[in-house]
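A short write-up of the structure that comes next.
We call the chains A, B, C, D, E and F, going by the order they appear; numbering starts again at 1 in every chain.
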Amino acid sequence: MEALASPVILFFILGALAAAARSDLAIPESVAKGLSLYLMTAIGLKGGVQVAAAGYSNEMLSAALAGVTLSFLLPVPAFYALRRLGRLDGVNAAAVAAHYGSVSVVTFVTGVEMLTARGLEPAGHMVAVLALMETPAIVAGLLLARRAAGVPAQRHGSLLHETVLNGSVVLLVGSFVIGLVAGKDGFAPIAPVFETAFRGALCLFLLDMGLLAARRLRETRALTPRVALLAVVLPVVNGTLGAAAGTLIGLDIGSSAALAILAGSASYIAVPAVMRMALPQADPGLYLGMSLAVTFPFNVLFGIPLYTMLAQRMAGQ
Amino acid sequence: MTPTVQRRRIEILVDQPLVRPILEVVRDVGVRGYTLLPTLGGHGDSGAWSDDMVSGAQQKVLFLAVMSEARAELLIDRLTPVLESHGIVLLSSAVDVVRAEKYD
Amino acid sequence: MTPTVQRRRIEILVDQPLVRPILEVVRDVGVRGYTLLPTLGGHGDSGAWSDDMVSGAQQKVLFLAVMSEARAELLIDRLTPVLESHGIVLLSSAVDVVRAEKYD
Amino acid sequence: MTPTVQRRRIEILVDQPLVRPILEVVRDVGVRGYTLLPTLGGHGDSGAWSDDMVSGAQQKVLFLAVMSEARAELLIDRLTPVLESHGIVLLSSAVDVVRAEKYD
Amino acid sequence: MEALASPVILFFILGALAAAARSDLAIPESVAKGLSLYLMTAIGLKGGVQVAAAGYSNEMLSAALAGVTLSFLLPVPAFYALRRLGRLDGVNAAAVAAHYGSVSVVTFVTGVEMLTARGLEPAGHMVAVLALMETPAIVAGLLLARRAAGVPAQRHGSLLHETVLNGSVVLLVGSFVIGLVAGKDGFAPIAPVFETAFRGALCLFLLDMGLLAARRLRETRALTPRVALLAVVLPVVNGTLGAAAGTLIGLDIGSSAALAILAGSASYIAVPAVMRMALPQADPGLYLGMSLAVTFPFNVLFGIPLYTMLAQRMAGQ
Amino acid sequence: MEALASPVILFFILGALAAAARSDLAIPESVAKGLSLYLMTAIGLKGGVQVAAAGYSNEMLSAALAGVTLSFLLPVPAFYALRRLGRLDGVNAAAVAAHYGSVSVVTFVTGVEMLTARGLEPAGHMVAVLALMETPAIVAGLLLARRAAGVPAQRHGSLLHETVLNGSVVLLVGSFVIGLVAGKDGFAPIAPVFETAFRGALCLFLLDMGLLAARRLRETRALTPRVALLAVVLPVVNGTLGAAAGTLIGLDIGSSAALAILAGSASYIAVPAVMRMALPQADPGLYLGMSLAVTFPFNVLFGIPLYTMLAQRMAGQ
């Protein structure tokens, strides 16, 4: 509970309250975009520098495999739950399922902050796992859509391109590699911007996310009670599976919790843009309403502490 | 007095991620030039949207191109099937231009 | 050839803080959809303005909506009294659309 | 029903650094008001451009002004000689306005 | 005078000179907006942290009461001066009067910088006073407009909403509360962004303010000599009243000077936006010309040192 | 070669690779503009503070004279090479020549970073030389255009104005003067923003420059092989002349290398905007393609180390 008193979380709550009260407070779109690029660069760099210091380990490979597998498989149960319990048609269920298999960078970043504050900093290579988990869920979602609704697999090459070379994936991976090459010494001169300033910038970004999530929640028409409920159940189930996977393959508690946070998070930046192109019939109000307006706030406020606790319990603490 | 010739002004309001496929159709049809304009937000049957949405999946762009009557018909024919499913607004109006050969 | 139907394209250039009251009138009149476009600056009888003004009190927004002739007349009737006092520019022109029933 | 009067809507797509000279012509011709709108990018005979070009030398701006038929002809006459060399798109269309005396 | 050699002020002068010489130097609108949100967050946080450290005191309550009273009453004499001496009609006089009763966040921030540099840092709760002073003047201005010109009091609820939940008020108050909750320890990890970087960011923002003020001064047609003179006289009178009020209720010199700066400052962000909506007949060229193009530069260059001196003299120094 | 492993350069390469692979990674235009204004302010301030510390010296005057002379004369041979070897018409040759006589702020900044990392920090007044070199080449280019193609010298006053009061010149010179006035003590409180954060911000800006340069290279139609070759030859020739001039007038190695970098760099911000206005018949795709898409990356990756080596050799090291 003391985590909720962290300025990072408090700014998120401030944004949500301001939007709920219909204040005209707003962060310019380009500034918010700039902040999100900064955050991705910073975590990429930091992860790379940490891996450069730690050296290669088998744990890296198993974490990567676990992440890719989770991202690819988690959409399947989600899809059936969305069809049966959520009463969505095949295309919409597939589109939403892809979001829940993929990951939210900001949820991850917030989670790492919370974990670090408790002395449970995840391994640096979890940033690479984050980058690896963005894409497989999209492929799974498109396969599900094709099976379910006979959506033609048009322009496959272009879609793969869109997915793998998505701006956030490129920036994350690129910064990670730069951190790896530069190492601790190369990083030192740029650390004031990418390390010291990180938390303050995160506060401002979460203020904006609070505004956006609450506005989205107010304006969305697509959120039926069934679907809104699933937007809470899916992350909890996926997060639990993530914590279990992390524990099984023997990750340390922090990394295991990070894997749970990744599994439990839902994308609201990369996947929506790809889905709007790949499945234009699907309703963006639905998948953005679920992932941004319900799951994201749930994870920031309750999911992260829950997944952390699960990772601790499973590790026998 | 400079003589002007009448042409069609086609405007298409479309989601950012769908701009590329639309431009492919535009190129197919042989449109020689176009301009993209930004938007701030809006409201329609599917609800409200605004440009402050982080993902950009619902950010809309206004496509503007001037072309001959014949080419405009071709373009409208090609796009009509997806207007409803993709949530696209397509407007066509008369416009006068000076260098007619440029907008054919 | 896809058949098109003629409608009215209404454009309203209005200061940002006055957008909300205008949208209330728009909703009253029963307009089903609209789009807002950004502007950079301009010049008129009351002087020059540009979007770099910190307060946003003079930042203008371009409202665009397509509707039936009848509804356009209604909207123009409702807004005409405040055009002068609020410094609003209102333009009306002919436009052709495909899905006529959507723009009524 | 509020009576409207027909006027000319002139739109000029022009590179940012050339806006100032164009505005001088506009003032010369006696146009009383205008509005500038932003653009995102485009494509034409001279290739593609987009607003992410650091220098702003190729960033384009959309000039919009409503005026009388006569003044529009004057403006078109003045600008026609430079349309080609300066890469300018000039569009003219009919528009109906309420306060006719304001747009003369 | 040595205050004028501070980089913060020098950047303001650079901006003003550049605009006066018609240079095309310009800071993108969204960057300037982002900077202003940052500055408000930073001063809100800092005030909250200071109050958390200092604990509650009676001085807080009296400063708050003095601020609210000044904001509500200062528009009245201003209104009559604007009507009689400025020859404005009732609606315009009321709209302008509201600006001079309300406050300018940037003037306050610049003043606090100047005061701190002289060892006269105001109490942290003056940030709360700043937030409290934004609104009452708007109410006063609207009452004056209704009395003077029979302006109908349409859409009262919506206006109150617009005023109280104005973005800058929400951000200031919200950050203040977050600072209060987080305290010194919670603030430490975000201090590099919100404290260390503050002055540098202020330099860039004042560069932009210099550009905007000078451009506004050149383009404004509404500024008659009478009105321009009032844009200097009103802040001096209000600033003097503020210093007197601060001294009377026993504030320390720094806080007293801060109250004077608040009273002497005129809003050019929050109030113009509300006035454009509430009194659309009033001329925005007039109230923005006065507050932004004349009063703001006057206060930054001359007003702040003057009010500081008054606060010192009145305290018997 | 180890310079290529600097994060600053690695981010440039990341941007170029992302754009080459057609990733949709993009930094919002206004954020990039904000970063470039920040960089100019920071180097202006730093140069001014350094000159304030070092005091006046004759070296300053000779460096300034050398810079102005190079900027004014370098367009002449460039013009003839572009006409003869590049087969450009008179107006286009003159427009391009102006770009190569003038300077690129970002190339200079990157060069100073590289030089400083090697212990060869140039003198602070080289920032003033940078500012002085922006303009003379424009005048030379316009004279060449008039002679070659009879381009009428219309609106001379306005052009001179545009050139001398160009935003980047004003900001550089203004910040330099503020640094000079403020000195080390006045600079200290704003140093966290303008000094400590400098390299990190440069990383993000060069990421954007990599994106823009590679996109430009892909989209440009105007780049014939002849012209592309000249976009590599011209900087090498000009850089060599710059190193020679610096050595001849007795500059220290760092300053001499900086002068070479300035001479070898080509403008892609200030000059294109002026040329679009002054010579609208000239093809912006040509001059931006050459300076931004070829010369800039060449200089960042190869030119800077080359000019540094030349300056060292000529100084007899």
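The rule we apply is simple: a residue touches a chain if its C-beta (ideal position, glycine included) is under 8 Å from a C-beta of that chain, and two chains touch if they have at least 3 such contacts.
The structure presented is a predicted model; accordingly, all values stated were derived computationally and were not measured.
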item: Neighbouring chains shared between subunit B and subunit C, ordered by label; value: D
item: For subunit A and subunit C, chains touching each; value: B, E
item: Approximate Å spacing (C-alpha centroids) for the pair subunit B, subunit F; value: 39
item: Chain centre separation in whole Å, for subunit D relative to subunit B (CA means); value: 19
item: Euclidean distance of C-alpha centroids - subunit C vs subunit E, Å; value: 34
item: Rounded Å distance between subunit A and subunit D, as computed from the means of their C-alpha atoms; value: 45
item: Per-residue overlap in subunit B, given as positions that touch at least 2 other chains; value: 37-38, 93-94
item: Subunit E, residues touching no fewer than two other chains; value: 26-31, 33, 192, 197
item: Pairs of chains satisfying the touch condition; value: A-B, A-E, A-F, B-C, B-D, C-D, C-E, D-F, E-F
item: Subunit C residues touching subunit B - in the complex, by the definition given at the top; value: 1-2, 4, 9, 32-38, 61, 66, 93-99, 102
item: Of subunit C, residues touching subunit E in the complex; value: 15-18, 20-21, 46-48, 51-58, 82, 85-87
item: Complex contacts: residues of subunit A adjacent to subunit B; value: 26-27, 29, 32-33, 36, 155, 208-209, 211-212, 215-216, 219-222, 268-270, 272-277, 280-281, 283-285, 288, 292
item: Of subunit A, residues touching subunit F in the complex; value: 28-31, 33-34, 37-38, 41, 45, 161-162, 165-167, 170-171, 174-175, 177-178, 181-182, 186-187, 189-194, 197
item: Of all residues in subunit E, those that touch subunit F in their complex; value: 5-7, 10-11, 14, 17-18, 21-31, 192, 196-197, 199-201, 203-204, 207
